[in-house]
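The same subunit A turns up in both complexes below, where it pairs with subunit B and then with subunit C.
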Partner chain A sequence: MVEAGAWWTLLAAPGLLVVLAALAVAGNAVLDARDAGRPVGVAGAVRPFLGVPRALVAQPRRLPAQDRLLWRTGVVTVPVAAVLSTLVVPFGGRVVADPSVGVVWFNAMEVLTWAGLWLAGWGPNAAFSLIGGYRFLAQGLAYELPLMFALISAATGAESLRVGDIAAAQDGLWYAVWMPVAFAAYLAGVLAFSFLGPFAYPAGRDLAGGVLGEVSGADRLLLQAGRWLWLASGAAMAVPLFLGGGAGPGLPSWAWSLVKTLLVLGLLVWVLRRLPVVRADRYVEFAWVVLIPLTIAQALVPALVNLGR
Partner chain B sequence: MDLTGLILRVTAGRPHVLLATVPGGAAVRLAAERLLRARDWPQASTPAKADLLLVAGPDLPELRTALERLWRDMPAPRARVHARTPDEVEAALDSGRALLGSPAVQRESAAPPGEAVGHREGEHGAQERHEGDDQAPGHDGDGGGEGEAGRAGDAHGGPDGEHAPHDAGQDTEAEHGDGRQAPDGQVPDGQAPDGHGDHGDNGNHGDHGGHGGHGDHGGHGGHGGHGGGQTDMPGGLPMAEPGADRDGLTLDRLHLPLGPFLADWPAGLTVRLVLQGDVVQRVDVDEPARPSDDAAVEAFWVQPWLRAASGEPVTVGEAVRRRAAAHLDSLGRLLAVAGWPAEAVRAGRLRDDLLSGAPRAAVAPRLERLTRRVGRSRTLAWLTRGIGVVTAQKAREAGAGGPAARADGDVTARYRQWLADIRHDLPRLEDPAPLDVAVEDSPRGPWSAEAPPSAALIALLPPLLEGAELAAARLVVASLDPDPEELVSRGVVEVARG
Partner chain C sequence: MGTTDTVLLAALGVLAQVFGVLVFTLNSMARVTFSLLASLVCVGGVTAVLGLPYLGVVIVLMMVMEMVIMAVFMIAYMMNPAGLMPMSMLHNKRGALATSGIVFVALVAGIFFVPWPDRTASRPRDTTFQVGRALMAEQMLTMVILGFVLLATMVGATVLATHRGRYDRFGDDLDQRPAQDPAGGGVGR
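Up next, the complex of A and B:
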């Protein structure tokens, strides 16, 4: 069972999330260096972080007829929602809060990024940026329902929306094993709401950066950080939902949580480099014709199993 | 203690570089890309994320305004350098880094005049902004939307006019995303959208894919007298006009020039799009910008053919090597547009190794790997299938004869054709026979100074782009990859003049 509510977890959870996100960025940088034929090492891994102080001294942009309030709101929403989503993600035996609707909270925070990214695309009053915002909505229409059915599958299996209960219910058999479709749909959803790799469509290079095309300085830092924070948060959430939480032989539960989270994160970073950007116009078709029926069928499996018990 | 200065010095070690290639600058671009990759200086795709503007290639007066616009859109701290030949690139990048780390950059965007290597450009930041203010309505990038009033009106009167009221909601949304550009200080009371539209057209000269519109982002832009037309022109910007679209709706028209400095785009090509939503409604291709003194440019990718045609001895091996590298360059660009940066980098490395004379044994296994990963990728094929179909017959009618014609199909067929061509060329990389221009095709088709192959490819573009979505349009251009340099090259220009 997880223990919720210790005051220090409120600081530890965001801290841990930032560390995990930084590890993902560094890992990606190492793979970049390998592909580009540069020496692979620690120096190459930390170089992307030079962008952080750089962003802080950069000049903010002001565009004609921009919608400053909504723009800033959108930019801030993305990383903030990512951090808030981790409040219900147990790490080992600890969690900030374990409400009875934890899965819904996570999902709600993830949907906030819809609003955030759309506003970030809308605010600067620039064509490419706006199209980038629209693209995220189209992508959202494709990934969101399969993701929700994946979450529902796990919740149905445990007969609870409490994340702690879901982790505990996988005693002996991980949901990832007997709900592989839900697990895969969930991981695709994680890449999609972090708009990275195959789902970087809203920030596509063909749009000169899309939603990221007009932001500079601290705004840019926030949006970019939001992507990787979401990736880390999604990886951390996969552990209690599908991989049995902190359960495992030998090691303490926090160690198991860490190992599993890092493995999922590593898998996601590897995948995001292996695929080209999946355009929403093609992915929507695939999602609605193939993924949604599959995930519904998947959600049916734990429902029937529970009925038969 | 000067913390900002310290940060600037430290972070100048990894500037984000906006590489603006002008026609004639392909060789410089290649040198720069190789160096940036080796140094881990990321390439920026927009001015917003760039610290250092590197202009690659000769001076082209026509493109000077577009370059100014890029520069004006870059947030400080920023620096700007110019490399005219491949040898100047390293020095230019070094001086750019020095500029970015200097204390001067804190107060002003650094572009101090410099006579030394690298040809740093001289304007001072503050002065720049004044210029910007003076020309405010003119440098507005996408302003063309406003000049469309007349045409849009026609559309209203047309058969689709009755749809207009139903779509009011959508219209208001799109309007904001559209009517942007010029800072308002210059708009006198009651100035008609017409007049403004004209300015918009001026401003349209190839800004960086729509990023030219931000006259005052420098933070000190003139927010002068707000005109009386405020309600009609938010921020002094006229609204877009709606027009009928292909689905029978009435949506706002968005005027978006692509090029000449868009990332992963043929250098110097400017395509003006009229978009509704993200569907291309109309396409106009501009004449490519020409250097002031003709014959100064020698198109890099067809160099062996140009030399052979003028009687110099060139071997088949050299030409074949150049052609394979050209295909890899095109492929890398297509992969970048398709959103696969990891493989784009690999294609770029292979290209650079080929150009620096790597033997076949070193190239073959890596090409094999690229063919496996990219050529046989089902995902990429699924994403590019059915886009931009050019049948062999259509290509021949347009006068195109190269890989685009032989592929006889969609984007997928064309990138697979490139890979097949490279494979086919590999055994001949060291072939010492003299090059016969009539036998060996140049990278984009049989070489002829009267009708360079890229001219045919550009002619193919408008009908392919109309009705395509923006993302598909970018893929189509990248898969045909015309080289505007061929059109302004030595030899071609001379023939055109008789």
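Up next, the complex of A and C:
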């Protein structure tokens, strides 16, 4: 079982999330440096962070007839929802809160990104930006249901929506092993709600940056941070859902959580660089014709196993 | 219910009302849609505070998805989506005022005049399980039928709305492969 409610976890969870997201950015930058033939080292890893101070002091962009309130709301929503989602993600034996509906909470926070990104696209009163927002909704209609069925598979296996119970229920056999389709659909969902790699369509280069096209300065920093925070949060949630949480031989549970989270994060960073961007119209059909039937069949497996127990 | 919960309940209730009023007073359709979303999120919070966390969080989850998709249609079909000109969402003002006034008085009267039963059993620790039982145990048949009706409605509405049929896709003899679609899908049907 996990222990919830210590006051310091309220500070530690966002801190850890930021560190993990920064590690993912650094890892991505190192791979960038390798691909570009630059020396692989600390200089390559810190390269993306050199832009942070400049972004903080940059003048925010103003556009004619912008909807400033909605724009700022959308930009802030993405990283804030990512941080809120980690409140229910146990790390080792500790968690900020372990409500009886933890899985639904994570999903609800993830869906807030829909609203955030659409608003971030709508606010600046710019065509490319708006199209980027609409692209995320189209992508959302494709990735969301397989992701939900993946979450439902894990919850059905443990007969609980409490994340701590789901981690504890995988005693001996990880859900990733006997629910591989759900695990794969979940990881694809993580890349999709962080709109990175193959799912970078809303912020596509073919659209002059899409939702990122008009944001500048601190706003841009927040939106970019939101992507990587979501990637880190999704990787951290994969551990209790599919990889047995902090359970493991020898090491303490926090160390196992850290190792597993870093492995999932590393895998995601590697994958997001390997795959080309998928257009939403293509992915929607693939999701509805292939992924949804597969994930529904996957959700049936733990249901039948539990009935037969 | 403790003091914190009562304060939270009152604050969320008032906020839900405020955002509800904004729905009818703002000019921009995007702002109207997201005021309605904020109001419904507050309602989800009220439900969670009242001891039904599952329903509360699911309301937030569903309403965010629903209202964001609705924003697309509201902006596509309504006049003045960006609020650059004043507009009014009010229609049939006198009739609406009378109806809403009567409904409000009836509901408030109900609070005071209905003989509410006293709680006999102790409060369950986790209401999620009770909600699941209430919906899925005795009412399983209802839920299954409801599910099929909803699915049939969605499929039927889509079929009625699309102007292209299988002859447009596969040709007059239904032998044209791959299908001729305006936008190519991902699995090459």
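Simple rule for what comes next: the second predicted complex is superposed on the first by the 309 of 309 C-alpha atoms of A that agree within 3 Å, B and C clash if a C-alpha of one lies under 4 Å from a C-alpha of the other, contacts with A are read in each partner's own complex, and residues count from 1 in each chain.
Criterion: contacts are C-beta pairs under 8 Å (C-beta built on N, C-alpha and C of every residue); 3 or more make two chains touch, one makes a residue touch a chain.
As the structure is a computational prediction, the values presented were derived from the model and not from experiment.
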Which superposed partner A:Glu285 touches (first subunit B, second subunit C, both, neither): second
Which superposed partner A:Trp122 touches (first subunit B, second subunit C, both, neither): both
Contacts of A:Tyr134 with subunit B and subunit C, given as first, second, both or neither: both
Partner chain in contact with A:Arg54 - subunit B first, subunit C second, else both or neither: first
Partner chain in contact with A:Gly204 - subunit B first, subunit C second, else both or neither: first
Touching partner for A:Asp67 - first (subunit B), second (subunit C), both, neither: both
Touching partner for A:Trp114 - first (subunit B), second (subunit C), both, neither: second
Touched partner set for A:Pro276, first subunit B, second subunit C, both or neither: first
Intersection of subunit A interface sets (partners subunit B, subunit C): 65, 67, 122, 125, 134, 278, 281-282
Touch list for subunit A against partner subunit C, complex: 65, 67, 69-70, 73, 99-101, 104-105, 107-108, 111-112, 114-115, 118-119, 122, 125, 134, 137, 140-141, 144, 161, 278, 281-286, 289-290
Subunit A - residues contacting subunit B, complex: 31-33, 35-38, 44, 47, 50-51, 53-54, 56-67, 122, 125-128, 130-131, 134, 198, 200-201, 204-209, 212-217, 220, 273-279, 281-282
Subunit B residues within the subunit A interface of the complex: 4, 7-8, 10-11, 13-14, 16, 37-38, 40, 45-46, 48-49, 51, 75-77, 106, 140, 142, 176-184, 208-211, 213-219, 221, 234-237, 254, 256, 262-264, 275, 277-278, 335-343, 345-346, 349, 377, 379-380, 382-383, 469-471, 474-475
Residues of subunit C touching subunit A in the complex: 28, 30-31, 34, 37, 53-54, 57-58, 60-61, 64-65, 67-69, 71-72, 82-84, 126, 128, 183-187, 189
